[in-house]
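The letters A, B, C and D name the chains in turn, as written, and every chain counts its residues from 1.
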Amino acid sequence: MNVPVEFPLGLAAALFAIGAFGVVFRRSVIVVLMCVELMLNAVNVTFVALARELGAMAGQTAVFFVITVAAAEVAVGLAILLVAFSRRRTLDGDQFASLRG
Amino acid sequence: MIAFWVVALLAIAGALVVVLHRNPVYSALGLVLTLFQVAVIFALLEAPLLALLQVIVYAGAIVVLFLFVIMLLALEPEKRLAAPFPVAVAGLVLAGLLGFALAAASTVPLAGAGQGALPAGFGSPESLAASLFGAHLLPFELTSVLLLVAVVGAVVLARRRS
Amino acid sequence: MPEIQTDLLRWIVAAPLLGVVLNIAAALGNRAKLARLVGPASVIVAFGLALVAVLRLAAEPAGAALVDDVYGWIEAGPLAVNLAFRVDALTAMMLLIITGIGSLIHIYALGYMDHEPDVARFFAYMNLFVASMLVLVLADSLALLFVGWEGVGACSYLLIGFWYAERANADAGQKAMIANRVGDAAFLIGMFILFWGMNALHLPSLKLSAINAAAPLLASAMPWLPTLVCLLLLVGATGKSAQIPLYVWLPDAMAGPTPVSALIHVATMVTAGVYMIARLSFLYAQAPVAMDVVALVGASTCLFAATIALVQDDLKKVLAYSTVSQIGYMVLGVGVGAFSAGLFHLLTHALFKALLFLAAGAVMHAMHGEIRMSKLGGLGAKMPITSKVFLVGSLAIAGVPGFSGFFSKDMVLEAAFAGGHRVAWLLGLMGAACTAFYIFRAYFLTFRTEVRAEPEKMAHLHEMPPVMTVPLMILALGAVAIGWLGLPGGFLWGNVLGEWLAPVLARAPGHHAHLSAATLLGLMGLATTAALAGIALAWVFYVRSPALAGRLAARSGAAYRLLWNKYWIDEIYDGLFVRSYAAWSRFAWRVVDTTIVDGLVNGVGQSVTLLAGLWRRVQSGDLQHYALATLAGAVTLVGGAWALTAGF
Amino acid sequence: MEVFFSLAKVVVAFVIILQLTLILLWVERKGSALIQDRVGANRANLFGGLLPFNLGIVNTWMADPLKLFHKEDIVPADADRFLHWLAPFVGIVPLFLTFAVIPFGDVLKVGGFTIDLVAAPIPASVLFVLAMASLAVYGVVIGGWASNSRWAFLGGVRGTAQMISYELALGLAIVSVVLTYGSLDLQAIARAQGALMWGVVPAWGVFYQPVALVLLFIAGMAESKRAPFDLPEAESELVAGFFTEYSGSKQSVFMMADFVEVAIVAALVTTLFFGGWQVPWLGREGFHFPGGLDIALPSLVVTLLQIGSFLLKLFIFCWVQILVRWSLPRMRYDHLMAFGWKRLLPIGLVNLVVTAVFVLAFEGWTVR
């Protein structure tokens, strides 16, 4: 079975758009973080699809790096969330506007 | 093709659950669903190793971490789900435009695409390893440093201040 | 020329560097005992290694060299400099001087610094100095030589101001630093021009051997270049080697501990200029004008400093000006093309002047810092060894036949005469007479004549411990014997040192004139007469009828004041450079900095504040707003890219 | 035909695991009784009491499952009904899937077909095992959270942290073996162990990686959440931990998952360290004893011997785990975490580095 490259790319576009919308739409910071993961995965799908299309392993290697970096990002991000929650007792993004100019 | 459509629709359904469900636990489970479908797509696209890695790291570690934090903080379903209405609408419009633009861009023909049969062993552990430890050795090593920094940073942040 | 690869040379430098590390550790841990062990030991080890290297070199045919290529150091465009060491005949001589005399002085310092609490810091500086000096002489490229050159300068600064709690000492250190900066700037510019010239000949190298080999080519391609470079390097040399016009720092440098003066400001560092000129002898040989300037500078410094030394009261000052004067002889020697004669004087001077300084240090140590000759006198009875070795040193520097100074000074003067530099020769001869006078004046006033010091000081007076006297005696032996390495042409075994050095030095034009035996003997006789006359005069003035000196001083008031105040050179420099520089600085501060620069800076700051006040409203602090903005940017980019590729 | 063989293999694997689960349940009951000097299960004897001794196997084999599946399924009032229903199945499916990649024999040659005796012959099956092991957490997390009960919730949190922590040591132990045999394929690893060291001793992983064996065994037991690592379901503290609020068939699924995990650990130990289906000196055509004695055997016999060997080893290591469970007391939770992170993980890392150095420095150190 051979899926034409446009289909995974279209799926990636959809996932990316949903994730991007979620980042803007949701208040809860932890869900925003999940939406970022969605967007990263959309990018990964693009990488893998194009890697197959171009016959280049570099695309899959890039996905490897993205997965690794995402793990690091989530670890640090959730640690920050824990600290933030212990300060404000909430994860509502509106409550973290103390850098307002 | 049928498999792809099933998987793709499940993935989008999962993503929508992430974005729209009030309960963060369901959001996380929706994320797992999507990630799992992405793993299947990887497998369909000649990347079996990445599919397994995706399950191990994303489903097995990252989302579990999300769930763990949600449970640790005992987060309730949110009463105020969304951002203010104008922001939400603007986000919807812009995200829709972006999705459309990306999808449209993917129809632009690629230079050097579809050069016939893939090389033997494409996507196998050996080929990924050759790429990782060959051309991308430096990024690989830097990633390990990044992980170390992340571990130290997470520990420092999460540690109780005595 | 055969070059023998060896890993030995790097260890010669490494030994004192290791000493530095251990001494710093000792200083941090307050372990004086460790420092007193490591300080001298590391230099002695270096001496042993240097001896091995020199013996290996001696086993090779004449003109051979040991080479140690450590690693590639600088690569910039066409320039590639290796960190590489090289030992040939010239370097071998310097190596033995530095590590040999250095060892003796380090041992002596054990006794001299016995009450010093900060001895670890002292030995750290001293070892660092030895390491830098070794780099200077071992360097196989001008760039590396410059590293050593600056290293010894820095150590000199640190050691002059070793007792920095006293203002005068710190000032003396700064004076040395600044005077050297002037010379080093010229040195650097000279090096740059030299490299530019080498590169123009497609020989992009700063290797000393390459420069020497390319010297004739340079001279034929760009006749002005060797002269310019040599003059600039000469300015560098006058700074480091305390020649006119940059000599002013050296007398003040005696503020440091006496072993420092003996090691740095007599035996090794101040001869770096002479060494550098000899090292580049082939280049200098292509620049006759520069050579004449060198000779002139040497000869005039020689007499000029000697006259100042005539009337000084401070024993160490006398020796300091004497050093300036003696280095003048060396510079004169290399300036008239008799490179080996200049180097020979460098060698003998290192021994006898180190001896004199250390003996003076012993006096100073015994008299609790008293060094004014008007407060000394008659110490010979209480300090017999010190007195005797000082006498040996005095005879050597005065040029009494049989002692080392006689042979080397005579060789320089003879070369000046033979080369046709009659004026320089005359200046040197007069300097020799003055030398004999002031050194014996110092000897008589310190060790003979009646006691002028306070009785309680005399009561505690005693001879120095063996740790100080033994090095003195070894140096005294050397001060006598070393001269016999360079006997005038054909006599007994002849000029051994000259033959040893000959393959690595240029034969300057004009040095070929052969003097007849009669002329030689006549010149020797003249020099000897001048020396003996000086000694006799000193004896008359200060031993037989002491009142005579005072009367003469009173009678020739103006001349005496001129000499006593060292020709007011310090004051002239102060007015000419320091004050005008201060005035310019004040202008730069008040006008340029406060008004213009500060105004600009503050203006920038204020305008940024103003703009930021407007822009800060954009920063809502709300995550969603930022995300929205990012999203809008992404849409613009992707949409734009798609539109472009789709061809709208 | 291919499809038929694949289905047959899946059925074989599934039957093995299901039957093993039930047998293990009985073995545990009787075994614990032996250890505690009791009689143990003694009702509903086979053949109606005709045998002189009472094995009591019927009630664990048939009566118990039947009873459990007919019990009322109670869902707490405030529970999340959907997730409460989902949790047991999310918990057990990955475990069943794991068994699909465990090889239970070499190749069977039947009428011109060559059948690889592993239910799902995928490359990188080692990673598949790790992936499934990491998915097994979800049953615990969801079950603990969906019940909306303090006990279940605490059990869920404990279980999550414990499983994530010990997964690292598990992975490191497995990776060491992977390095040793140079393959990510369990079947290839099992085949490699058929070689002989010095022509006599089978090249089993236990001889190359004794440290990894200990690590894997301990970490595997911790993954299966059984004593001494049964903190998530510690009866004396948390009632029944994450499945406190479960009853009837759903609870039986959780219990079954427990035994499947025991079987998986035993299967991994067998495959990675004890030659898997290998019978010493048995090749595809028969025995080749070191002395030079050869006995030719048909492929079917060889395969049966291999499957028998696999089952025997599997059973032995299950039994060892049951012994451990009933012998050791429960650990304290902070000790558990410290043990995982500060002992097993560093040991695993050192073992991995040493292995890597060996592999690099002594080529041909292992039989490949």
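Rule of thumb we're sticking to: a contact is a pair of C-beta atoms (placed from the backbone, for glycine too) under 8 Å apart; a residue touches a chain by one contact, two chains touch by 3 or more.
Values in this document were obtained by computation on a predicted structure and should not be read as measured data.
Peer 1: For the interfaces B-D and A-C, which has the higher count of C-beta pairs in contact?
Peer 2: B-D
Peer 1: Which whole number of Å gives the spacing of the CA centres of subunit B and subunit D?
Peer 2: Computed value for the inter-centroid distance: 30 Å.
Peer 1: Between subunit A and subunit D, what's the gap in Å when you average each chain's C-alpha atoms?
Peer 2: Those two chain centres are 35 Å apart.
Peer 1: Using Cα averages as centroids, what's the distance between subunit A and subunit C in whole Å?
Peer 2: Averaging C-alpha atoms per chain gives centres 68 Å apart.
Peer 1: Counting in whole Å, what is the centre-to-centre distance of subunit A and subunit B, each centre being its mean C-alpha position?
Peer 2: That pair's centroid distance is 6 Å.
Peer 1: Give the residues of subunit C touching no fewer than two other chains, as numbers and ranges.
Peer 2: 624, 627-628, 631, 634 - these are the residues of subunit C that touch more than one other chain.
Peer 1: Residues of subunit B touching 2+ other chains?
Peer 2: 49, 53, 61, 65, 72, 83, 87, 90-91, 94-95, 98, 102
Peer 1: What are the touching chain pairs in this one?
Peer 2: A-B, A-C, B-C, B-D
Peer 1: Over in the complex, which subunit B residues touch subunit D? Could you list them?
Peer 2: 25, 29, 32, 48-49, 52-53, 55-56, 59-61, 64-65, 67-68, 71-72, 124-125
Peer 1: Please give the residue numbers of subunit C that touch subunit B in the complex, ascending.
Peer 2: 624-625, 627-628, 631-632, 634-635, 638-639, 641-642, 645-646
Peer 1: Provide the residue numbers of subunit D that touch subunit B in the complex, in ascending order.
Peer 2: Residues 80, 83, 122-124, 127-128, 130-131, 133-135, 137-138, 141-142, 144-145, 153, 156-157, 160-161, 164, 167, 184.
Peer 1: Within their complex, state which residues of subunit B touch subunit A.
Peer 2: 1, 3-4, 8, 11-12, 15-16, 18-19, 24, 27-28, 31, 34-35, 38, 41-42, 44-47, 49-50, 53-54, 57-58, 61-62, 65-66, 69-70, 72-73, 75, 78, 80-83, 87-88, 90-92, 94-96, 98-100, 102-103, 106-107, 110, 112-115, 118-119, 122-123, 127-128, 130-132, 135-136, 139-140, 143, 146-147, 149-151, 153-155, 157-158
Peer 1: Under the stated contact criterion, what part of subunit C meets subunit A in this complex?
Peer 2: Touching subunit A: residues 615-624, 627-628, 631, 634 of subunit C.
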